[in-house]
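Letters A, B, C, D and E name the chains as they come in the text, with residue numbers starting at 1 for each one.
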Amino acid sequence: MIRTIVGLIIVLALSVVVISSVPDYSLPSGLQGVGQDYTERGVNDTGSVNLVTAVVVAYRGLDTLGEVVVLFSASTAVVLVLTLVPMGANPTPSSSIVAFTSGVLPGSIVLFGIYIITHGHLSPGGGFPGGAVVASAFLLVMLGSNKIPGKSKLLASIESLAGVTFGLLGFWGMMMFGQFLNNMVLPAGSPGKLFSAGIIPLISLVIGAKVASELSGVFSSYRKAGGDE
Amino acid sequence: MVKALAVFLPLLGAFVNAWLPSKSPRASRFVSYVVLVAGLLASVVLSIRLDAWDLKNLSDSVILSTGVGAPPLSINLEITAGGILAAVAMYAATIFSLHRFARTTPKSQPLILALLTASLGLIYSTDIFNSFVFLEIGSISTIGLTAACKCGSRWEAAIKAALVSGLVTILYLLAVATLYRSTGMLTLEALGLLSGGSAILVSILLLTVIVTEIKAFPLAGWGLDFYQGASSVVAGLYSATWSLAVLLWAAKVLPLLPIGNPIIYAWIGAAGLVFSQLAGLRASSSGRIMGYSTSAYASLLLVAAGTTTGSFYTQTVIVLMVFSSLAKFSLFMLGNPEKSDKWSGFGTIIFLVPVLLLAGIPPLPVFWAKFAFLAHLASNFPVIFYTVLTGLMLEAVYLFRFWSQRSERTNETNPYKPSAVSAVLIILLAGIWITKLSWGALDFSGAIIASSALRNVFHSLFAIGTLLCLPGVFKRIGREKNYWFWLLISGAALTILPAAGNGITFYLLWEFSAFAAVIAVSKGVRASRGTFWFAVFASLSGYLLLAGILLSGGSFAIAGLPAVLLTLAALVKMGQFGTHLWNVKAYPAAPGTIPAFLSGTSSKASVLLLVAVALSSTGGSLPWGRVIAWIGALTALTGAVLAAMAPDYKKMLAHASVSQLGYILMGLGLASILGWTAAFYHTIHHLIFKMALFLGAAGVLYRTGTSEFNNLGGLVKKMPWTFAFTLISVISFASIPPLAGFGSKWLLYNGLVEQGWLPVMIVGMFASVVAFLYSFRLLHGVFLGQLSPRNAHAKEAPLPLLIPQAILAVAIMVLGFKPTLLLNFLVPAIDAIPGLSGLAPIIQGDMVLTTMGTWNAWMVGLMVMGIFGFAFVFYWISGHKPKYVGQLDIGFAGEIPPSADEIHYSNNFFRPYKRALAFLPNINAEKIFSGVNKTFGMLGDAVRALFTGDGRTYLAHSLLFLLLLFVFLNGGM
Amino acid sequence: MYCNQRPEKPGNKIEVFEKITNMARANSLWVTAYGTGCGAIELRPLHTSRFDMERFGIAMRPTPRQADVLIISGYLATKTLKRVIRVYEQIQDPKYIVALGSCTINGGMYFDSYNTLNVLDKYLPVDVYVMGCMPRPEAIIDGFSLLMRKIKDGRAQGWKHYKENLDYYRENQKKIITDWDLPDYNW
Amino acid sequence: MSNIISIVVTIAASLIWGLLLGGISRTVTARIHGRMGPRVTQNFIDVWKLFRKKTSIHHGGMFWMAPMFRITGAICVLLMVPIVIGNSVTWNMSFAGDVFLLIYIMFFGCLGMALGAGNSGHPYAVIAVSRGLAQMSSYELSFSIAVVAIAVGLHTFRIEGIVAAQQAGISSWNIFRFPFASAGALLAFLPMQMAYPFGIVLAPQEIPIGPPTEYSSRFLSLMFSGRALFGVAKLVLFVSLLFGGASSWLSLFVKTFLLYMYPVVVSSVFPRFRTEQSIRFLWFVPTTLALVDLVRVML
Amino acid sequence: MNAQSLFYWSLAVTALGLVLIGLWGVLTRKNILRIALAFTLADTGVNLILVWSGFLPGRSAPIVDSSVSSMVDPLPQALVLTSIVIGVAVAALFVVVGVLAARKSGSADVRRMKELKW
């Protein structure tokens, strides 16, 4: 009870802190700082029409690399932790609807995912969303199947290969322009085309593969661990 | 390209590794090693290119730009010289820890490499969101590793780390959003553009995040639990990589926060230091102790951020943080909190180096940084200086306790742990390297003691004292370890000590000698408690000395506070009045000839310090000389009484040593020529007789294996020579005329009367009378009385112990019969010191004259020897020859004595005296110190009540801290 | 632990000052304060002002080391013999034994007791016997003056006799003391 | 040469005078008891008898040397004090030191004796030493305070100086100039002479005769002589310190005789203190007395 | 304050509200999984604030096909993308560790995970 009240007080005080530090309650007049720069220079610099992707992959590629590592670490950690602990061995059998659906849908989901990944620099989307979509297909397959999936060699290979490729792409930029993850090691092409925007599509692909494989890995570990005891 | 390799190679390694482990752990380990060694090489190349190794321009940097364009559009990694040094340490630590991970959790390699990547990224990152990404990688890898490495409480440690990391994420992102919305940029420099409410908001958010992440005091709870709960190998790697990275990142961010006056960091840090170290006193688990130490260093970082700027700041922070992290790494690798590991003597020492480093003992690297940093504080922020010094002292106490408790398990097999040994070696190498860099600060001109004659006295005293201890070093008993090396080091440092020309040199040599002696003491059997007390008091006196030196600006000059602190340092080192506890604990514990060295030689260092203080403060008089003389007199008295009651040979000698040092204090406090002559005379004399006595004790211990009076006695038949030398020493220190000891008393009393300090003199005289009690007890308890059958096998002490005693005994005789040999040298030297009052004694041939007294030692000696010789010879040649009867053949009311042990009266020897003293309140130092201990314990308990062990409480702490900061900043700005 | 030398036979050295010394010995008899039997009570009045043995130079010494005279005050039990032998042997030469009462001469009223010695002379060399059961203090003083006369004349040689015939005395002693655990020689 | 003769004469005379005083004291005590008492020369007889005993035992080197230590200490004290004023030949070795030397050299014999007792291996001897040292450390306190008070008051540590300052008639004697210090010193004189009520050291009833319990024959004789000499030395010292010194041999004998009778008389009428009682008494009463004069001197 | 502005700031307040509710949950809930949920909630709120910091009412997504002036800021969206993924990763790990810790201590109650204390 005391904890609740103290929690409330803390939270309220926090809100006061945050609100009191807002300087004014007007609308910002326009873009400021780097936002403006991105919108002005983005297409020229990167050749990507989708500025978010441009920022994510090109300008702040390092963040993305880091993010991939976050995901990678988390999935490795989850797998590692879960394999170390003896877990329940019998997953509940899935219902027939799920079983059926999981046989039909994944193909199209994967296709959709790949589309999102590959068109990341053109339209909303990119490696992360696409990868997540692809992973959902795996999830579906897993849910439909009654077997306990091991972390397949294929997944591991994709995961590893994608990561290494990302890193090597970075080094490629380093070698060519002295700038890690430089976008221009491949020609920028004409904005709006599929094969344009330097290495952005490539990296999107890598990220997609990576995200898909990592998430699938996590799912499969969960699945393995989550059975009845 | 090298830049990129140095930063991103581990990442590639991690990815590659993710594919390998299931096939072959060997291959994955091989990959890791290759990657890490390559990365290390790249870092080393970079560091050489940046010229980082001379620690001058640690802010120099190369830029590794990434992405497209330039900041603020893209992200740059700024590889600073300081950062690259830290990176080298991180690489090294990771390499050294791999094999332990390989043994326990082979599949964790990708996580280790990810953790390293995160650490590297964090120290190089210049973008606030990018830092966040690396922060998250680090947190996740840490949590993962913690949860994956088998260890009792890993889940809890992981959960707490995860809880904190969750909160940090939220607060940090809030700060990022505020920052971006206010400035439109995410680089670290953008922090400087903030103003008004958003500045405060971002500052308090980031400060809370930083304090939480670096585990500084009020928010350290999770860190303590984490260090305690995580397996040692994880905690070790964590402290050497991630913890270090966070600290350096905090060091980078803190000066940029738009917080107005950064002194607030210093206050948070200083207060936190004291409080957390108070709580640290109560910590028992070794992991938790490391946690408190981490917290101490985090607080130091805050203090540094608040009080220093520029390259000095960088230098201080880099050296402090890098080496303390390495030290913690090696401690964790050695000290598994879960298993009671087994140590050999070698392991004990290896274990000590990191502890010494954490405590900031020279010449280990942290010392240099701490010294410069504290000097800066002392001259600019005195209050913070005292606070920090107190905190550091408390830290030293629990670190040494930690060490002594660990080293208690000294025995048996295979202490060899490559990781820790390598780290220790690195630390030592770094110590040598940094010492070499700082060599210019040292000064061996001997400027602090202007009189070269006095300097030479001390030089030769220390050298001779050490040399005389050396022959006996291989006569060790039982499980005592080899200590000659440390004896030699300590003695060498002492021998150079009088040549020190400035404060830092003096301090360095002083600590060097003290802690070499600590190690030497630790080589004894069951020496851990003794070593602990010795280490604590040595570091207490070290810190007092440090404070004094720093406050007086490196010299020993001027009266006032610095001089008082320096004097206190000397008094503690001498074991005067209350602080004798360490002598009494350490001497009995110390092996072989070490007590002789400590009591005879090493204690003279504090005399040197007092002389230096006196000479440079007022040219001869100590500050409050009267007080010092009183301290000396009272110590002489209480020491003598305690010595008379002591149940143990070495313990008695320890009390006696403290008591005798009191006379030196009385002489020095007098600040007259006679007083100083007496003090110097007694210094020399004390060295001679105390070494002879302790060497004799070493011989007895060597032959009988015990130093308790209850088990000794009657050894005169077995060890006549040892007895003879001990007898000479005893007669001398009881100041019975024909031998040397009388001279010091005579000079001292004349000096005291000359200055009219009669009450001091009376106490001193009483003490010297009480000295008879223990001098007899000493001879009787060990050599006379009944020989216990237990010691029937005892033989004469070995020659290496006997010969130095013989030399010393001869010296006593010579000094006793011809004191003018020494006085002719001492008196002019002391007469030349300007500030001393009083008249010099006049020496005419063998006659010494003062205004009131005369003393002709030669004639007295002749008379005593003549009469004694006559009586002896007469009895020898005339009449019948006495028949020797055995020891049990005594007039025992017609009975046969049951056994030698039963009729040897040595237990509770001066019982009537004790009964007569019964009206005094029963105060003893041990009680006082245990009271102090208890008080600190209660304070510590009060502080650590904050750390409830509930993860959510820690989060509440963070939030409350944030609110308080807000209130404070709004009130203060 | 103990002295293990046989006592040296006293030589026939010509002693200078022997006569004066004997006078001194006679006038400075120090007595071991060891009451072995009932007669010890009769010794106490000797200290008092009525008898005052100090005027003869007789003094009590609390330790046999410093004494000259051992007084066997009455019956001597077999148990006590052991202690008496030890005390006697710890007295330095020349030393004398004064035996009080009939019991020491022939056993007296304990002549057939299983644990009382009958003839003390067999076990220790007695210099002066004082008759009576018990002898009064006057008799004891008389005994002492006899002893003093003997010493002055150089006739009080019991200690020499004991040394010369040590084997004889030991044999007799060991007959009584069956559990002989004394050191064979103690001086 | 005259000096050496004087030394020999001093020692011989002191020995005779000391033994004689011992005999006299025994007679006096006996008379107080209502007895005849021994001859006055009884102590000579005893010493001679002991010296001429035919055998003696020893327990080791220190046992052997203890009586020599004892007599050396006694003779040294004796020689350090000027015996007769105006006759500088009898000042013997007193040029070589001052009162400090005297105070400390007095321990020489005591320590030797204690060591001999220790070496004898007899527990009672050591118990007595324990008591004796404890008591000694207490009376030496008041004694040295008194001596320091007198010496500082007279601005010299040299005994000649102290004696010389008392030559202006009886009123200039230190016992009148420093009455409290003198009282303290005289109270300390009782335990120094092992007189009752401070006679715990040589408690013949419980610990046979104390430290010399194992000593016999020649050693004991030497010890007796030593004690006699030491007694005289202390007497001469006290006479010099408090009673104006001795201007002639006669006045020396008279003064020392009178002074000697003081502990004898006190001794025969008092029972004995326990050790701790005696220590506490010595700590509080004589020390306080002596301190009064010390404070007076300081002010 | 016009309607647009009101909309703009109410978004912020909602997001902040989510954060605060999340934090309150973190501070007061006992069940480790609920704490995980609360964290996710707060995380979502923070992400919303991030997006909001670059949001301007009435502008379109930052895909260059029309005029530059009508776009919102692309950077916060990019940040949020990263942040979301990180949130997922952290949540995934948190849940795993939480569940296992709960299994270890026999209950999901964080109050019982106090073995590490002093």
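One rule holds in what follows: contacts are C-beta pairs under 8 Å (C-beta built on N, C-alpha and C of every residue); 3 or more make two chains touch, one makes a residue touch a chain.
On a predicted model such as this, the values are computed, not experimentally measured, just so you know.
> Which one of the chains is closest to the middle, using the mean of its C-alpha atoms?
B
> Compute the centre of every chain as the mean of its C-alpha atoms, then state which one is farthest from the centre of chain D.
Result for max centroid distance from chain D is chain A.
> Please flag the chain sitting at the greatest distance from chain C, going by CA centroids.
A
> Going by the touch criterion at the top, tell me which pair is linked by more C-beta contacts: A-E or C-D.
Between A-E and C-D, the larger count of C-beta pairs in contact belongs to A-E.
> What is the distance, in whole Å, between the centres of chain A and chain E, each centre taken as the mean of its C-alpha atoms?
16
> Counting in whole Å, what is the centre-to-centre distance of chain C and chain D, each centre being its mean C-alpha position?
Computed value for the inter-centroid distance: 36 Å.
> With chain centres defined as C-alpha means, what is the inter-centre distance between chain A and chain C in Å?
Measuring from centre to centre gives 116 Å for this pair.
> Just curious, how far off is chain E from chain B if you go by their C-alpha centres, in Å?
Each chain reduced to its C-alpha mean, chain B and chain E end up 49 Å apart.
> Residue numbers in chain D touching 2 or more other chains?
Those would be 54-57, 208, 213-214, 217.
> Two or more other chains touching the same residue: where does that happen in chain C?
In chain C, residues 3, 63, 65, 187 touch at least two other chains, as defined above.
> If you look at chain A, which of its residues touch at least two other chains?
3, 6-7, 10, 14, 18, 28, 31, 34-35, 38, 60, 63, 66-67, 70, 73-74, 77-78, 81 - these are the residues of chain A that touch more than one other chain.
> Go ahead and list every pair of chains that touch.
After working through each pair, the chains in contact turn out to be A-B, A-E, B-C, B-D, B-E, C-D.
> Name, in rising order, each residue of chain E that touches chain A in their complex.
Checking each residue of chain E against chain A gives 1, 4-5, 8-9, 16, 20-21, 23-24, 27-28, 54, 56-57, 61-65, 68-69, 71-75, 77-79, 81-82, 84-86, 88-90, 92-93, 96-97, 100.
> Which residues of chain E touch chain B in their complex?
Contact set of chain E toward chain B: 19, 22-23, 26-28, 32, 35, 39, 42-43, 46-47, 49-50, 52-54, 75-76, 79, 82-83, 86-87, 89-90, 93-94, 96-98, 100-101, 104-105, 110-111, 113-118.
> Tell me, which parts of chain B touch chain D in their complex?
Spelled out, the residues of chain B in touch with chain D are 714, 716-717, 720, 723, 727, 731, 734-738, 742, 745-746, 749-750, 753, 756, 758, 761-762, 765-766, 769-770, 772-773, 775-776, 779-780, 783-786, 852-856, 859-860, 863-864, 867-868, 871-872, 875, 879-880, 882-885, 887-892, 903-905, 909-913, 915-916, 918-919.
> With touch defined as at the start, can you tell me which chain B residues reach chain A in the complex?
Chain B reaches chain A through residues 1, 4, 8, 11-12, 14-20, 22, 64-69, 72-75, 77, 105, 107-108, 110-111, 114, 117-118, 121, 127, 129-130, 133-134, 136-137, 140-141, 143-145, 147-148, 150, 174, 178, 180-186, 196-198, 200-201, 204, 952, 956, 959-960, 962-963, 966.
> In the complex of these two chains, what residues of chain C are touching chain B?
Listed in rising order, the residues are 1-5, 34, 63-65, 82-84, 86-87, 90, 181-183, 186-187.
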